[in-house]
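Below are structures written as structure tokens.
Both complexes below contain subunit A, partnered by subunit B and then by subunit C.
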Partner chain A sequence: MHVHFLDPYHAGGSPIHRLDARVKLALTLAFIITTSLVPFGAWAAYILLFAIVLSVELLTDLGIAYFFKRAFLALPFALAALPLIFTVQGAPLATWSSGAGTFTISVEGVERVVSIALKSWLSMQMAIALAATTAFPQLLAAMRALRIPKLLVAIFGLMWRYLFVLADEALRLLRARAARSSASRDAQYKTGGAIVWRARVTGGMAGNLLLRSFERGDRIYDAMAARGYDGEARVLPMPALQAAQWLILGGGLAVCVLILLLALLLA
Partner chain B sequence: MHHTIEIRELVFKYPDGARALDGVNFYIAPGEKVALVGPNGAGKSTLLLHLNGILRGEGSVRVAGMEITPSNLLKIRAAVGLVFQDPDDQLFSPTVFDDVAFGPLYQGLPEAQVRARVAEALAAVRMQDYAPRVSHHLSVGQKKRIAIATALSMQPEILVLDEPTAGLDPRARRDLIHLLRELPQTMLIATHDLRMVAELLPRTLVLDQGRIVKDDATRAILDDEDLLRAHGLEKP
Partner chain C sequence: MLAVTFAPPVLHIPDGFLSVLVALSLWLVTIVVVIIALRRVNADLGERQVPMMGVLAAAIFAGQMLNFPVAGGTSGHLLGAALATILMGPWAAVIIMTCVIGIQGLIFQDGGLLAMGANIFNMGIVGVVITHFVYRSIRAAAGNRVWSIFVGGFLSAWLSVVLSALITGLELALSGTSPANVAIPAMGGVHILIGLGEALITVGALAFLYFTRPDLLKIGEAKPAGRGIWLAGLVMAIAVAVASPLASSHPDGLEWVAEQQGFLMHAQSAPYHIVPDYLFPGIENQALATILAGIVGVLVVFAVALGIAYARRNKNAASAASQTQH
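Coming up: the complex of A and B.
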């Protein structure tokens, strides 16, 4: 039994699946950069961006609900922006006083928080679309092709490879604990143990996992060194992009620039 | 006492729909010691995880006279001691004592009883002197013994072991076989070590592709070279 649920990739034959990974990665990055550069409160631009995400999602054949559900993972991070509704100066929306002082919610502050939440939600969805339609090895190859530092790509690759090993190991630890979590035949005793004791056991499990990961890291490095690893992974070159793929890449980038210009003009 | 294992029409599907267990049936009588053999990926470990309700499939699993249900899971786990293949998965506490004491402590036994149980379990695997040691630094053979002690400290009626001799040197393997012979529990052992099976376990179940393809006396199975070859095994 292995942990399957971690891999976001869903095999498929949709146009988005078939698009070259380099084009997908470049366009996703361009989309996310555009989204973050669009000024706060440029609602028309947000609608355009949302329309793009939506059409990509529809083209993947995975169903929109899949993306919406996963994109909520980004919301806790957007919460970090929440204090802005109080700290940004502007037209007051509501004011109240308490013992600690006076709090004022400003229109500009609300606008900024909503914008940040929307931006992270849109960016997240595009990233999910990329991960769901591109197998991870392809994504790594695309990162190399886009000249992302090789060491960084190697770290991503190893992390991905051993994340599953680690998750499996954690699953087996949890099972081993469950197998010994039992009730005495003598019904007078209360099962479960003290909360401090249980916390200590969990700490022991985490420590066990850390020690084993550490040792595994050493063994992996030895195995790589034994095969001539010198800090640089060499891979076969990717085939050149076809004209149609260049066209999609160019078109996508142009759309991003246009949206950005439009948003700046409107603001 | 009901040291029995009774499995009827057990089916277990992976999330992707593949059938890991495809209608498994067998009965193990009190005190019997039985081997479970078969190629890698046959479903042996998956089957063992059903015996104390870590995995739940369709069909019926009765152990120690109880049908496994969510409400009696904790009782089942006290009755069935499961020893995992990799002792590092089982030994997660700072010291050997803590690991062996986990079961009794979880059961809420008073301290004197916990200490007695630990001493008894460590004595059974002849590791009395190791209680204060750090599990992480022990040899594989020693870890295996401690892992068995962690199950014995719950005083189970049934002992289920996954690949107990894997990775052991000949002496550690020999010691382990002697140890398993001495233990009185009903036993089901999943293994590739057919020499141990011949020596220790009078009855053998052959599992392949999620089904019991043969259930017979160990001698009869080990003499049937065609059967062994067909299921990825080799006459010892």
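Coming up: the complex of A and C.
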């Protein structure tokens, strides 16, 4: 079994796929920063942001369900914000008394929790759109364009190249453990040793994985050195952005600023 | 908060949960530290390390798939910051964790993009610095005896997870997206358990490597990382010890609810306090007293750990000396 299914990139020829990766990365970041800056409870701005996300998703030809399903992954984190409905002081929305005491839910608290969950959900969908429509080598080029240090981008590139190899390796370790362990379908029979023993076995697997990676890293370096590697990661220079791409970048940034102004005016 | 307990990697903050100010300041700190780390790694290790670090970052990422069942459907996971630090030294570990967290956020949406600076800071910088500080202290105090690899590995892995979690809670509280007196104790509480899984796996991995390739355990030690990181670790540990009780005792949020209902009275049923309610007797200023109590707490914990380490060393040295006499 191979874990290539992990790669969220979907090849395609949609306008979003064809957009330059540098423009996409910059606009995604701008969108997420804008979303974070919009004040709590500025609903009009949230609707506009959602409209933008939705249009991008429709333009990718991947189907909206794909985005919605993946975006719900962040939802459990929203629990961290939930207590705010009680703790933010404001106009009481509902009050009830139980054995433990009186609980008051404030309007402002609910507003804040819903805003946080929405922000997170919208930002996540834009990040998914970026990852789903941009091949990794293009993302690396975009990172270089954003002045991320060359050495770091080179390590990112090598990591990506071996990520699936090592994930396969980890899966093989897990399968080997399963093959050597007994388990009963009957829940009444306890299987497996004490927790510390189980953790030790897993630790051994992790150590094994690292050991294999050390050896693989050495071999990779030897192979690279044999092909003339001298520590410098050489890449083709990127073509200059075309006028149309500049226009999209400028337009996108302008929309972000406008939404922000609107949100601040409304708040 | 219970549901969070069952989702193991809750340390990855998604976008929308940090205020822009908090997110950008942590990005700034992260960028500076990563650039220094890149320089150091380049100078210390040379070109050979580029493929090695890429592969090890991939290995830590893949290693997070390894888990073991604990109870009730939960499982113990490897996060890897401690293992990377112990094996590769702190600077290389910062780079490795940066790559792991970067790919998780950029490709798999495990953690946000604006929040990525914070995520790298929490797991890649705090986790690494704390591990280095605790592991090196225990190793040095024990005179580099073999057992201290495992004791140091366990304590450093556990503490790095717990402190990363407390800092994550502080950031959420600072951003106003979770009440301080819920976020900090909840994050800390959950990760006291998650950290145990991390610590046990880390020790298991160290034991495996010690018995198969003990030379690998010396890579991280060979490089003098300097007192700087060690001191940074001490400062960070004290800062968290000071900030978390201060923030979570702020009369806001749940405490306010509790006061309203009057169940604070029932909460004070502990029969004794060594440092009562984190307050120092005889000091008027509440904040000052809390900070003092936090610092004293950190120092006491480390004094005990170091004391045990020294005692073990002397005992071992004595028995080694008596053996050579015979």
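The criterion applied here is as follows: the second predicted complex is superposed on the first by the 191 of 267 C-alpha atoms of A that agree within 3 Å, B and C clash if a C-alpha of one lies under 4 Å from a C-alpha of the other, contacts with A are read in each partner's own complex, and residues count from 1 in each chain.
Convention: contacts are C-beta pairs under 8 Å (C-beta built on N, C-alpha and C of every residue); 3 or more make two chains touch, one makes a residue touch a chain.
Bear in mind that the values here come from a model prediction, so they are computed numbers and not experimental data.
In the superposition on chain A, A:Val201 makes contact with both subunit B and subunit C. Once chain A of one complex is fitted onto chain A of the other, the partner contacts of A:Tyr66 are absent, as it touches neither subunit B nor subunit C. Of the two partner chains, subunit B is the only one touched by A:Ala183; subunit C is not.
In the superposition on chain A, contact of A:Leu173 is made with both subunit B and subunit C.
Residue contacts after overlaying the shared chain place A:Phe50 against neither subunit B nor subunit C. Of the two partner chains placed around the shared chain by superposition, subunit B is the only one that A:Gly193 touches, whereas subunit C remains out of contact.
With both complexes placed on chain A, subunit A has more residues touched by C than by the other of subunit B and subunit C.
Once the two complexes are overlaid on the shared chain, A:Leu211 sits against subunit B and subunit C alike. Looking at the shared chain after the overlay, A:Pro149 reaches subunit C, while subunit B stays out of its contact range.
Comparing the two interfaces of subunit A, the one with subunit B and the one with subunit C have residues 169, 173, 192, 201, 204-205, 207-208, 211-212 in common. Those residues of subunit C lying in contact with subunit A across their complex are 1, 3-4, 7, 10, 13-20, 23, 34-35, 38, 42, 46-48, 50-59, 61-63, 65-71, 76, 78, 83, 87, 95, 98-100, 102-103, 105-110, 112-114, 172, 176-179, 182-183, 186, 197, 200-209, 212-213, 216, 252-254, 256-258, 260-263. Every residue of subunit A that touches subunit C in the complex is listed here, in rising order: 6-8, 28-29, 32-33, 35-37, 70-71, 73-74, 76-77, 79-81, 83-84, 86-87, 100-103, 112, 116-124, 127-128, 130-131, 136, 139, 149, 151-152, 154-163, 165-167, 169-171, 173-174, 192, 195-196, 198-214, 216-218, 220-221, 224, 229-231, 233. Residues of subunit A touching subunit B in their complex: 1, 4-5, 169, 172-173, 175-185, 189-193, 197, 201, 204-205, 207-208, 211-212.
Of all residues in subunit B, only 14-16, 20, 45-46, 49, 52, 54-55, 74-79, 82, 84, 86, 88-94, 98, 102-103, 105-110, 136, 150-151, 154 touch subunit A in the complex they form.
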